[in-house]
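In this document, chain identifiers A, B, C and D correspond to the written order of the chains, with residue numbering beginning at 1 in each.
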Amino acid sequence: MTVRFGVIGTGAIGREHINRITNTLSGGRIVAVTDVNQKAAREVVETFGLDAVVYPDDTSLIADTNVDAVLVTSWGPAHEGSVLKAIDAGKYVFCEKPLATTEEGCMRIVEAEMKHGKRLVQVGFMRRYDSGYVQLKDALDRNEAGEPLMIYCAHRNPDVDEKYTTDMAITDTLVHEIDVLHWLVNDDYQSVQVIFPKRTKRALDHLRDPQVIIFETKTGMHISVEVFVNCKFGYDIQCEVVCEEGTLKLPDVSGVVMKKEGRQGSTLLMDWKRRFIDAYDKELQDFMDSIQASGEPQGPTAWDGYIAATTADACVRAQQSGQRETIASADKPDFYA
Amino acid sequence: MTVRFGVIGTGAIGREHINRITNTLSGGRIVAVTDVNQKAAREVVETFGLDAVVYPDDTSLIADTNVDAVLVTSWGPAHEGSVLKAIDAGKYVFCEKPLATTEEGCMRIVEAEMKHGKRLVQVGFMRRYDSGYVQLKDALDRNEAGEPLMIYCAHRNPDVDEKYTTDMAITDTLVHEIDVLHWLVNDDYQSVQVIFPKRTKRALDHLRDPQVIIFETKTGMHISVEVFVNCKFGYDIQCEVVCEEGTLKLPDVSGVVMKKEGRQGSTLLMDWKRRFIDAYDKELQDFMDSIQASGEPQGPTAWDGYIAATTADACVRAQQSGQRETIASADKPDFYA
Amino acid sequence: MTVRFGVIGTGAIGREHINRITNTLSGGRIVAVTDVNQKAAREVVETFGLDAVVYPDDTSLIADTNVDAVLVTSWGPAHEGSVLKAIDAGKYVFCEKPLATTEEGCMRIVEAEMKHGKRLVQVGFMRRYDSGYVQLKDALDRNEAGEPLMIYCAHRNPDVDEKYTTDMAITDTLVHEIDVLHWLVNDDYQSVQVIFPKRTKRALDHLRDPQVIIFETKTGMHISVEVFVNCKFGYDIQCEVVCEEGTLKLPDVSGVVMKKEGRQGSTLLMDWKRRFIDAYDKELQDFMDSIQASGEPQGPTAWDGYIAATTADACVRAQQSGQRETIASADKPDFYA
Amino acid sequence: MTVRFGVIGTGAIGREHINRITNTLSGGRIVAVTDVNQKAAREVVETFGLDAVVYPDDTSLIADTNVDAVLVTSWGPAHEGSVLKAIDAGKYVFCEKPLATTEEGCMRIVEAEMKHGKRLVQVGFMRRYDSGYVQLKDALDRNEAGEPLMIYCAHRNPDVDEKYTTDMAITDTLVHEIDVLHWLVNDDYQSVQVIFPKRTKRALDHLRDPQVIIFETKTGMHISVEVFVNCKFGYDIQCEVVCEEGTLKLPDVSGVVMKKEGRQGSTLLMDWKRRFIDAYDKELQDFMDSIQASGEPQGPTAWDGYIAATTADACVRAQQSGQRETIASADKPDFYA
């Protein structure tokens, strides 16, 4: 009844998931690993004291009959190939974002999974497991404040390094809002425009920062997301939904309130890892529990991965064109309803 | 040393100011009134027990040598004429918004005042006197969070009556943000676009509600203002400024925090009149005090009235065009620096 | 219809009230002043440009037929004599705390006022006019959270000077809670005990600071008040009422919320004068308005002054005895019901 | 490397811990169970699909060489015997509160553990694992606001059933504050007094509710704890520490902030189980991890169980006497330093 994992990619995020499954969560075990750097793969086995086979590549790892589920934590361009092989072998897949680097790649995975006939794939969009977003979703689903009309979000990091480029504000940062917002309000993206406000002097020269991304949804909802990755003051995730009869706001992280030296207040997180640490645990625990309980993962689907890709593509086009761009995603198959 | 007021227009807002000057504030007295409805004017004198002359029109009232300052609280289209006559007579003027109904009318007043050679006119933009906005302005002026890059605002009313039209979202509602925001950040409006999100079912059919107005300023700042006049839940004014090193948020109105029946929270105002009641008192007290102290009012100027007019005009054009519209205000004369 | 004031005592607080009546409030005028320091009295007339007679003493000032109401802002031991003379002359009195320095002195004033047959005296307990306390009182009077059972308060100052002694924690500081709390919950004090927690190193050696004063009321309510006058961090007034169905908390002073350098929060007041500045204005405006409207002041009565005196006396005994002390106030006369 | 647990007592809390170890946490396994109700024990094995032996009594279960650690979740009076037997057998013990029902019983356990020579016992005081208390403790340990002088707490339940008696306010409810507060501030209790405020009409006749328990610590700190178990409005845990340079407050549970119908606010928990659910997980995970890492549990010790017992005894005496009672705990052995 234990889910036996094969891990493809033993870099930083791979090791975190291995640690999680081995030392924190219940019901999973690492039985196989591979990495383009074989030495790194062997070291991970030793570091975590795993009873796991080191494979030379994803193909051989997936073929291992002891492997129930594959954890895809390699670099982005390699995701599609591994996921398709796993589906082909009828193995479960937990794939970190991106599901594939292109819209077409995502669609190939979607089609492979539908052809297989039941859900195998979960994409690592962890925010849906954050207790704050879960509470917000519950309130929306219970229609506590009426129908949603507008959403205001902010995704703020203290800073980023020199490898972070203007389009990564979409593909690495905004992508979490892209996933979580359409899930929150059960709506689809229609079009997008990107506004570049006055640049912060704190950003490196090659980077447009902050950015404001404005979506219109199919039902006409207005969504505004500020991405500001050199905001200096903290890691700050905001989301407020304005509905027909009231507003609903994502809870802030709570902290000790101190009064001192003429001020009262609390600390903000500076490190994004701590903000969603419980959500990372819960997404993987749920992946395992769902497989055990129903034979299918219940988290973000391959279709959600496809939507993220098509939406992010349109956002990058809108960055470049300065115009409102249409988001032309395919219609959602019944399979994913 | 008492400022002797002549009041032009004894409707609701006129009577409130008369009451304020007579029963709440210090240093002013009503000595003359006029209204197109002479009976109403006479009744006001009786109701408030005023020792005041009832004049047949603004011209004769302004000519009264006992009148030091004119309070213009007639209907909007009449403002320009009264203000110009008052300037011509060298009288001080406190004029409710709009200063004039057209950009050209505002400019005529600006030119008349400059020709007169010293400030006589204050426009009734009371938010600048609200303690919350004053604190926010102080924090910005002290550069507490660095240079401002973005501003998010909301202007929400529980509901409006059937006379409220789509363009009034600009001219009656947004106009307060138009005035207060450029004052807050010492910047000028460059262009504007209007987004109409999904309509609330709570609005009457002829009205687009909510609306989102998006400005760019001359320095590149991004400003987003939600106007939502059938929000049902309360009268709610929000303003957050995102700066290079932090964010600054307009304080909410504080209220008793109650825990009861599984909830904790406080009441919201339902009536806009209570939100800025102290600001209404302070704007008029400051008008009187400034005249006494320096011979010139120190509040919002005729130029601010002009900026409100040109900006509102562009917003209405943007409502109609669906495009980004340029806000082509004249350069600010040194007289108003 | 203007209330003409004679001011007895032109020290700091006297001058503040003179300024308030002259330059801020509506409906009052200073027509006479006196002070043991005649030079100071004359200077005040000049400073504020008053049209006021300078009298050699309270007796002659009270005798002036132009004086409608007397403002007693002399030092505490002189209050009783002036108030009694004013009552004897049938003049209204606004008397700063204490009404008299002894229980017996307060009772003499109460008896004189009852003998006169209508209310003339208001004591300067301004907290009842603070908008936070007014909202809290409203919620209690509307029974929003059920019957009150317990109250937790804190009265914190950043620091005090060397003249501040352990008993002044009662007579100068706690006295504001003594007045406002029995008014809030319509109850009477039964007994009191004082706890001296660990002393702060920030207090001077002669001072016990902080102190916790614990009351039981006639109906059995529990009240705990922390007095902490070298708390360093700010001027902080807290009051929470725990009721049978919920809790109600005095609103904090609202301020700009800033996020910066890993913290979010707002400033606290450091100076007590700013906390109740509106309440000081309102108490005097209400004194004038009530006299105009009903011929009697409606604020804190001579009886409230008596209760403050008997309660403070018992608190000081409890400081010294370390025991629970009974608060033996007389029964409230119907006159003050 | 898996900790193999024997569970003594398969009632509600026993089953929760079994579920936790089996389905949520990492590193533990249930290998043996016993209960005075053998049928219940067998049912638990079936329900959770355990591979576990059902023993007739604690003695035989403890003797099983497969059992590394004993989980004591029987009824209170049976705890002492099982814990002593486990220590005698050199087994680890996680014992739910109370460690023993008497001061003497707790001391016997302390002495047995010291004789054994290393720590075996952890008591189930889960609050020390709550992220809010951990943050508060961190701030105190870092001396962020200076030395603590006073603590204000409240422990409020919506309601209790008819079996709940006046002394259970101490032994079942306050006991959590007793444990967590001396840990928070590294101090010892010196004396206690209990105040019975006006009774709530919502309590059953036999119950004094609310109660206020006032401690003095050895260093002179003042601690006030309100226990109010029919507060109706929610499960509400408050803790504020007033220090020499500032105050520190336990964070409230965060929730979605809703504005609706003239109010803004968030939900309160109604069920105590949800308040500390993460802490329950963490205390057991830490018990297992500490045993693995260092060979000794690091959580609340047998000594902490003894302190809880002696302090609770004094509180019950103070309930009855109405007087301040001395808390005469023994001096802490170096073993527990």
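We take it that a residue touches a chain if its C-beta (ideal position, glycine included) is under 8 Å from a C-beta of that chain, and two chains touch if they have at least 3 such contacts.
All values reported here derive from a predicted model rather than from experimental measurement.
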Q | Angle of the C-alpha superposing rotation, chain A to chain D, to the nearest 5 degrees | A | 180
Q. Measuring centre to centre with C-alpha atoms, which chain is farthest from chain C?
A. A
Q) What is the distance, in whole Å, between the centres of chain B and chain C, each centre taken as the mean of its C-alpha atoms? A) 38
Q | Approximate Å spacing (C-alpha centroids) for the pair chain B, chain D | A | 59
Q. From the C-alpha centre of chain A to that of chain B, how far is it in Å?
A. 45
Q: Among the residues of chain D, pick out those that touch two or more other chains and give their numbers.
A: 145, 232-233, 245-247, 252, 259-261, 266
Q: Please name which positions on chain A make contact with chain C in the complex.
A: 232-234, 236, 259-268, 270
Q.
Going by the contact rule set out above, which residues of chain C touch chain D in the complex?
A. 145, 147, 149-150, 152, 154, 195, 197-202, 210, 212, 214, 216, 219-222, 224, 226, 228, 231-233, 242, 244-247
Q) Quick one: in the complex, what on chain D touches chain A? A) 22-27, 49, 132, 135-136, 139, 144-145, 245-261, 266, 285
